[in-house]
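Next come two complexes, and both contain chain A; in the first it sits with chain B, in the second with chain C.
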Partner chain A sequence: MFNYNFRWNQALNSLPQMLEGALVTMEIAILSMVIGISVAILLTLFRLSGNRLLYAIATTWVEIARNTPALFQIYMVHFGLGGFGIHLSPYLSLLIGIAFNNAGYLAENFRGALKAIPETQTRAARSLGMTPIQAFQNVILPQMLRISFLPMTNQMVWAILMTSLGAVVAMNTDLYGVTSDLNARTFRTFELFAIAAVIFYVITKVITLSARLLAARLFRY
Partner chain B sequence: MIEIENVRKSFGALEVLKGINLTVAKGEVLTVIGGSGSGKSTLLTCINGLEPIDSGRILVDGVEVHAKSTDLNKLRQKIGIVFQQWNAFPHLTVLENVMLAQVKVLKRSKAEAEAEAAKQLNHVGLGEKMSVYPSRLSGGQQQRMAIARALAMSPDYMLFDEVTSALDPQLVGEVLDTLRMLASEGMTMICVTHEMKFAREVSDRVAFFHKGVMAEIAPPEQLFGAPKDPELQKFLAATH
Partner chain C sequence: MKTSVFAAGLLAVTAMALPAQADKLDDIIASGTLRCAVVLDFPPMGSRDASNNPIGFDVDYCNDLAAALGVTAEIVETTFPERIPALMSGRVDVAVASTSDTLERAKTVGFSIPYYAFENAVVAREGVEMATWEDMKGKVVGATAGTYEAIWLEGKVKEWGEGEFRPYQTQADVFLALSQGQLDATVATVEVSEASGNFPGIKIVDKAPMVPDYVALITLREEYGLINYMNLFINQQVRTGRYAELYKKWVGEGEPANLTIQGVYR
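On to the complex of A and B.
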């Protein structure tokens, strides 16, 4: 039954390629978070705007992002849009798919955070002559981001792990894609995926720890 | 000058202001007393346009507050307001709290805003606390910070909405002292308050509100010494 011979050396020789893939994975995750946070702030404003259409757009986005598999979301960006003649590279499809998912989850986190900020904060800002936008930007937003900081860290970890879903759009330059290609050539399945798993683990741990350090620096109040 | 002409305001079926007429001259200190639900706090939030009114009008230096053409953000720079809940911005230091609106609204430079903030914070006795976050301040200190924050906008009028009501009793004095100081400096002020002794000392006139009506208005010695309105007589008997 156990006649599998481990060949760690052979697998470890591929480490440089896998680390390059890891860089692509991190790049996609970071970009998808930057886009995701920006869009989530926009969706939050849509929901606050009092405009029915904007509210409906934001709510639909959040509902789809949170209640359908991330894999479908990425698949739709690549092949669904492809049906309309919009052909995106695997890299872009994966990035947009994850960013879509991030924005939906984060918008919901932001909504929760806003509930925790007393309405009187806005009133105080407005009574000092600030416009609604100035009040949001300078008084509400910083507090909202602070309250949502932990959920944002979690979402970042998810974004890293979601890059492996690039498999469905034939993405082959990220950590999962590189590992999968190597496996197809060498069949050192256990070794290669074990190494990839360790790399994933180290990346997410580093993110969680740096987030904690960053929080201590940013939020001194 | 603040002119309030026949102002009416309802929340749903409840009419909280039933035709208020009142003029506050430049340099005057007016205190407004009355039971809860008498409409006195609502009047303040109407004066700076935070609340709409149903009819009548309010003029501040001749500008109609609730006219569509009025730039409320601009008007509010003239009218400082401090609430019962002081609403410190928790993510900013005390100094930054007082600087923010100066920079964003008045477009003062950082250096100017900082100098003005330091001046006002020293004025209210918080010179030592400028670099800390509000969470490190007592309620009385946070309330004085809120006063400094409003004063730093160089307002012509200051409205105080029960600014001592949420404070522990031992902290009330320091905030009232700050208000006394402002009154003695000639600031035009409307103070909604439950502090009768304070009202008697600092006011040029005292107004008594009851169920949305301004039942009596007079200089303090007259209003407290010889109240005419029967509701006011009851109110004073109950608070003494």
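On to the complex of A and C.
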């Protein structure tokens, strides 16, 4: 038995606030991807470097990021670092937490992509007189990014959805934070969260579709 | 002839057997169980003891209500935001969960008369210079998301136009953030503030100048039978001295808050 009268007009009045929240959510997701991709490339280089220390750092990062809940990672950025006197705002805690998670997963995607590129290409590039860095930068990296492009959009979707975990570090300006704040005031739980779900759906759809279009343009043969 | 008498008799028996539209109060008594939503992260109102059993003022209050109804109580743990979905989806019958009776919320749920009232205090980190509540202006402050004091404090921060408001998910997180220095100050009920001794380096500064936070029992808005019963039950709790007894048991010495308001009915 579901005992509830839907009153959409009251909830829809809050739509402008929720859309503002959606902007913050997208901002965090995009920034966390930019940071995540950069760090993941670095981690991939660490693993290729042959240096045991760098290899260990990269492996530890990937292991923690992939094998613990994102909720825990974000919580630890805020309260774990907080215990050592490093105080990050909710916004930064959430951003760093998601970026940390992204970097771990993307590094693993990149590793898979690298496996798909024949090693002979590096040797061919080297025999043309390229330095190892040039060979990586000009031959391997573009292919690696191309192969892992679709997994990256997947991670982007995850990043958007993970922003809702910001609630544990007192984030209240993103879409989830705004929604739950409105809910506490008005108790219009079902309308508010239904609207939030639709907004989340639209954002992720728009992002995946535009990523496909972008891929079609970028990766023309 | 015989058949029509028989049919009429059958009809009369069926009419008597069919209840006149059972409401929630009937359902509870018929089922023999009263399911209460209680927040167990909010001592001394609700928490768990060492062997993980629900305890606290609200837990006892639910048990008393069940006893009055002649049924057994079932405590269903919820968070503050989960109270309403639990009620609407029929997972619980009532919420005994320190719910502040705002007019905005009364558009959605049915409130009883107040069964408790909280005073709120300003709690600050020891290193922070703070003499009165107004010194919170411009500081990083926070409170438990979705509570009366959080809504008040967020409003104040907006009014001041400086400083920052952070709503943490649980009371424990608020005090953790405060003792780590992520927050400069918080507003919490006096009861909770006094129970915050586990967290080092925080102190009560001042009373918060808010209208007392009257909290009520909630159920579905249209369940007048049950709301009516709860009102009388709350009245009886005070009348019989049980309210004062529970206050002494969970909160401490002193007078429990007055639940009536001067100069107005209800």
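One rule holds for everything that comes next: the second predicted complex is superposed on the first by the 218 of 221 C-alpha atoms of A that agree within 3 Å, B and C clash if a C-alpha of one lies under 4 Å from a C-alpha of the other, contacts with A are read in each partner's own complex, and residues count from 1 in each chain.
As a convention for this text, contacts are C-beta pairs under 8 Å (C-beta built on N, C-alpha and C of every residue); 3 or more make two chains touch, one makes a residue touch a chain.
None of the values given here were measured: they were computed from a predicted structure.
Considered on the superposed chain A, chain B and chain C are sterically compatible, since they fit side by side. After overlaying the two complexes on the shared chain, residue contacts for A:A124 are found with chain B alone; chain C is out of touch. By the touch criterion defined above, A:T60 reaches neither chain B nor chain C.
Looking at the shared chain after the overlay, A:S38 reaches neither chain B nor chain C.
By the touch criterion defined above, A:N13 lies against neither chain B nor chain C after alignment on the C-alpha atoms of chain A. Of the two partners chain B and chain C, more residues of chain A are touched by C. After superposing both complexes on chain A, the closest C-alpha pair between chain B and chain C lies 48 Å apart.
Chain B contributes residues 48, 50, 73-74, 76-77, 80-81, 83, 85, 87, 89-92, 100-101, 104-106, 133-135, 146, 149-150, 153 to its touches with chain A in the complex. For chain A in complex with chain C, the residues that touch the partner chain are 1-4, 10, 78-79, 82-83, 85, 87, 89-90, 167-170, 172, 177, 180-181, 183-190. Only residues 80-81, 84-85, 88-90, 102, 104-105, 107-109, 142, 145-147, 150-151, 154, 164-169, 173, 176-177, 180-182, 220 of chain C touch chain A when the two sit together in their complex.
Chain A contributes residues 118, 120-121, 123-131, 134, 138-139, 142-143, 146, 219-221 to its touches with chain B in the complex.
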